[in-house]
């Protein structure tokens, strides 16, 4: 549909569509889409904000469905409810465990997703594969590029085109239940020692390649993003050796940590905040020997069935107040300075969310090559089935 | 008598196997005909060709003078009572009986169907059973339902495929009589398939004895018993002793025969159906009840065809009669049946006793030697 | 006749033969740069199969073991239902065995995460003084899940074969001096073999492709071939290797099930009839 | 023995009891009971995605059941009187489609269809008249139905064939003998005879399709079925809403069972005697 709408439509075709619309054989939305009028409406709406009702994302008929794929524990239900209340668009949330899984789903096609949340290192791959569409930023007036730290927002732009808008940023370290783990591990090296020692049988690692292999690489003193076969082989040895001592291999580690079955897990800082707020003995550690720093984005798949709703949703989620509420619920820091300004001081200065610069010196952004490297993919799969 | 059903040169083959070979038969209107034979003799195949479940490989099947080879089963004016009745388990008695009428086009009015079903149930003495489920009935009752279901259609021919096989002995006797009465009352032609010779002989007007796909002999029960055409028929209908030999000399009224064991026999030729020539290999047949046994040679009639001594090997008490198994060095083993009243004068013979044995010329049949190595005791 | 068979044949062609051929072709291909299928002809994928040896071993251990355990749990229940229960309660009790089937297997299995997890049975055990028991994410948990998930599938065929059993045979055996246990071993058990064969077959086939139970109750640690395949298709996007694993699983299934059927059919009780 | 049976029933029902219990949980987390409430039922009922998934599942299961009963019965009837190599081949295919694990069916179908679609979609786009959006083949209802039907159809064939084999052939002859044409014989005699098998096949197909997760997971595309929805719910942190859905489905099937039992009491009695 989008392909058609950016083409000029002839008057004859326009009339034919108009008749179809009048006969009722196509819906208004289809009509607007096919003739390009929808686009025109949206552009005009964006250009002349005063002509529109207060909430611009409620301007057109958006349908009643939106499928949103994201990570577990990564949204504020109240925000979604508010969006539904204002637009009539119901949101189905699908939670995924890894970027790899999202990529696999999109590659197979027919996902039905409207909006999803890729991480920085995957975006260039998605663009290359034609799986996400270039964003029409005029339909997301709430997005303010200047308010976003380019360090975080950078990966959204590929070949000069913007494909995503940033959501949150964070770090990947590990969390310990300090009641159970008393040796105070500080590094990934410690993490794997503790796994084999006092944490044996109670440690969780993620079930996808980037962080789990990255952690093992860091523990060995290599780069988090290494694709060097020899270094990977060493990392595999570390992982295989620790496997008998693991509680689980999963990216959904909160239930295990909360139930007391697991005492230590590779962890994203926002989940750490959530856990720490409920259970003070949960302590987040940014490993001294490296780790990941990342940004998550909102993107629209090339085949998104509810495009208008998707844009409306993106625009809503870029509202600074909405971002602040979102961050409050899941504990991840927004990239948007306007939203940070709206956060309560306790969050804005939270050491888990905003660690000191020197702690972050060793952290690396995930590299696009890790996603496509066949050795890393096979290594993690081999580790899981070992 | 007009022919209601007929076979003309009918053969039926299943691949290599010939189930029926060159059958020719006319069934008269209103008669009760039985196909009799051991299993696999083609009797059921013949019946199924009349019903239309099998098509002849060669020849023609006629019903009322019309060739029905290409007429499907559901268009033939005949009905069948199946071996295990084949009552429809999902229908009650009334619906089972009414089934055939309901297939008619145009369908008779419901009231008429109802009435006729009740008449029919009355005829088979099942009044009041119309709403029962078929599986609630006893074997005999199920059989009556099957009969009613077939007869209600007033078929030209009623085909019965071993209808009594599943009943116990006593019930079978009763049903035989009932079937016979029923047939006389309704006047419909019955064709019965059975392997029970007693059943066939006691019920039928005519019996068609079959053997390996061929008709061995057709005739009234009396004919078949007294004048079997060959050893097979004689063997199948009643018990017989067979002795093999060669015709030495055909004379007027008399035939000289030498048995294989060397004993010469002179028989009356009037009892022989077939014209035999000198040197023909034949078989002579004697019914066990025709044998005369005696302790005293003087009790043996003068004009016996044969006279000999034999040892009693075994004795079976049958009530009215006693069956003896005898053995003679030359004749081999054979059976004799002795009425009790004959023995009033003499005590029953004992096992191992050696007695005189003989039979009359009139009691002996000359049959084609079927060239089958059968024991002479059946 | 042709018209009756046409839809079925078409279905088999498009939905069975074509996918299997595609899988076979892909299994000789190479992974594309970003994942998926990249063409080519190589035996590399099959050569790489030993990397999933553990998954194959797990499946080939836990599938028969789970089948056996299900049978051991199901048999006495089926026996009880078929021979010991009053007619009046029989139907109700039977239905109660199937009812769990009507709650999503996902939800039922998920319920076990709580029961076996830290706050479930281990806590109860702690109350009575047994500490340090860990159930969740262990092979034990997976086996419990398997028995729980497939119990009805085993109970039913065994029940049917026991129900058909002529009770007078048992009386005859007792009459001939066999005690209850001997009667069971010599009469009941052999005559219920068709049911056992069918039940085992059903459960075994399902277990060979199991994915959910190990994923939920094994914590990603007890990997079945099913999990390995899902991983290859939905995580590492290595379609050729995944296809090779799938093709291998199909071959293993064909071989084991054929052998099993042959053995079952050799049994004079004629398990073949109930199998197919 | 009785004690054993009780233990097994407990084993079967404790998890279900927990599911039902937690569906009345007032709290957000399925694992912690914080007072009783029916709020999650309201949530589940007003959640259009849960409703969609439920109706999608229902619709798919229904179509699958109908398709497989029709095609399976037709095939079973045809195969009954069939000999020769085609029969051997079809028997083999039935056997294979029953035996191949669902996960392989799911994956193989996914991979094959994606490949086929990738081939046809550009072709369609080229052939389609200018100015219109070309139709795009993709995973969805059709692929789930097709994949489910593969398995359930074979199931129906086996069940119906067993019934036909057990049926007295003389009944058909009796009907023909009583003037019923082949077609009338089919629906007056054959069909009532094999009807219980078809019904059993229908119900089994329905149940299988309705509860199937693994095949749908791969080939459902954007059409979320109930099990796929539940799987997604579990992954995003299970709330009692899922328990409420499970409880409602259970209650629904139980009441259906009771109704069916009521109507079919007579039929079952008859079947038992046969």
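The first chain written gets the first letter, and so on, giving A, B, C and D; residue counts start at 1 in each chain.
Here is the rule we use: contacts are C-beta pairs under 8 Å (C-beta built on N, C-alpha and C of every residue); 3 or more make two chains touch, one makes a residue touch a chain.
These figures come from a predicted structure and were not determined experimentally.
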Longest centre-to-centre distance from chain B, chain (CA-based): A
Centre-of-Cα separation between chain D and chain A, whole angstrom: 36
Centre-of-Cα separation between chain B and chain A, whole angstrom: 92
Chain B-chain D separation of Cα centroids, rounded to whole Å: 58
Distance between chain centroids, defined by C-alpha means - chain C, chain D (Å): 18
Sites on chain A at which at least two other chains make contact: 255, 259
Multi-partner residues of chain B (at least 2 other chains): none
Per-residue multi-chain contacts in chain D, two or more chains: 31, 110, 218
Chain-to-chain touches, reported pairwise for every pair that qualifies: A-C, A-D, B-D, C-D
Touch list for chain D against partner chain C, complex: 1-2, 4-5, 8-9, 11-16, 18-19, 30-31, 71-72, 74-75, 77-79, 81-82, 90, 93, 95-105, 107-113, 115-116, 146-147, 149-150, 153, 157-158, 162, 207, 211, 213-214, 218, 226-227, 230-231, 234, 238, 242-243, 246-247, 249-250, 253-254, 257
In the complex, chain D residues that touch chain B: 168, 170-171, 173-182, 184-185, 188-189, 192-193, 270, 273-274
List of chain C residues in touch with chain A within their complex: 31, 33-36, 51-52, 54-55, 113, 117-119, 134, 136-137, 219-221, 223, 227-228, 231-238, 241
Residues on chain A engaged by chain D in the complex (per definition of touch): 1, 4, 9-10, 13, 34, 64-65, 67, 72-73, 90, 92-97, 108-113, 252, 254-255, 258-259, 303, 305
Residues of chain B that touch chain D when the two form their complex: 51-53, 72-75, 78-80, 82-84, 86-90, 99-100, 103-104, 133, 135, 149-150, 153
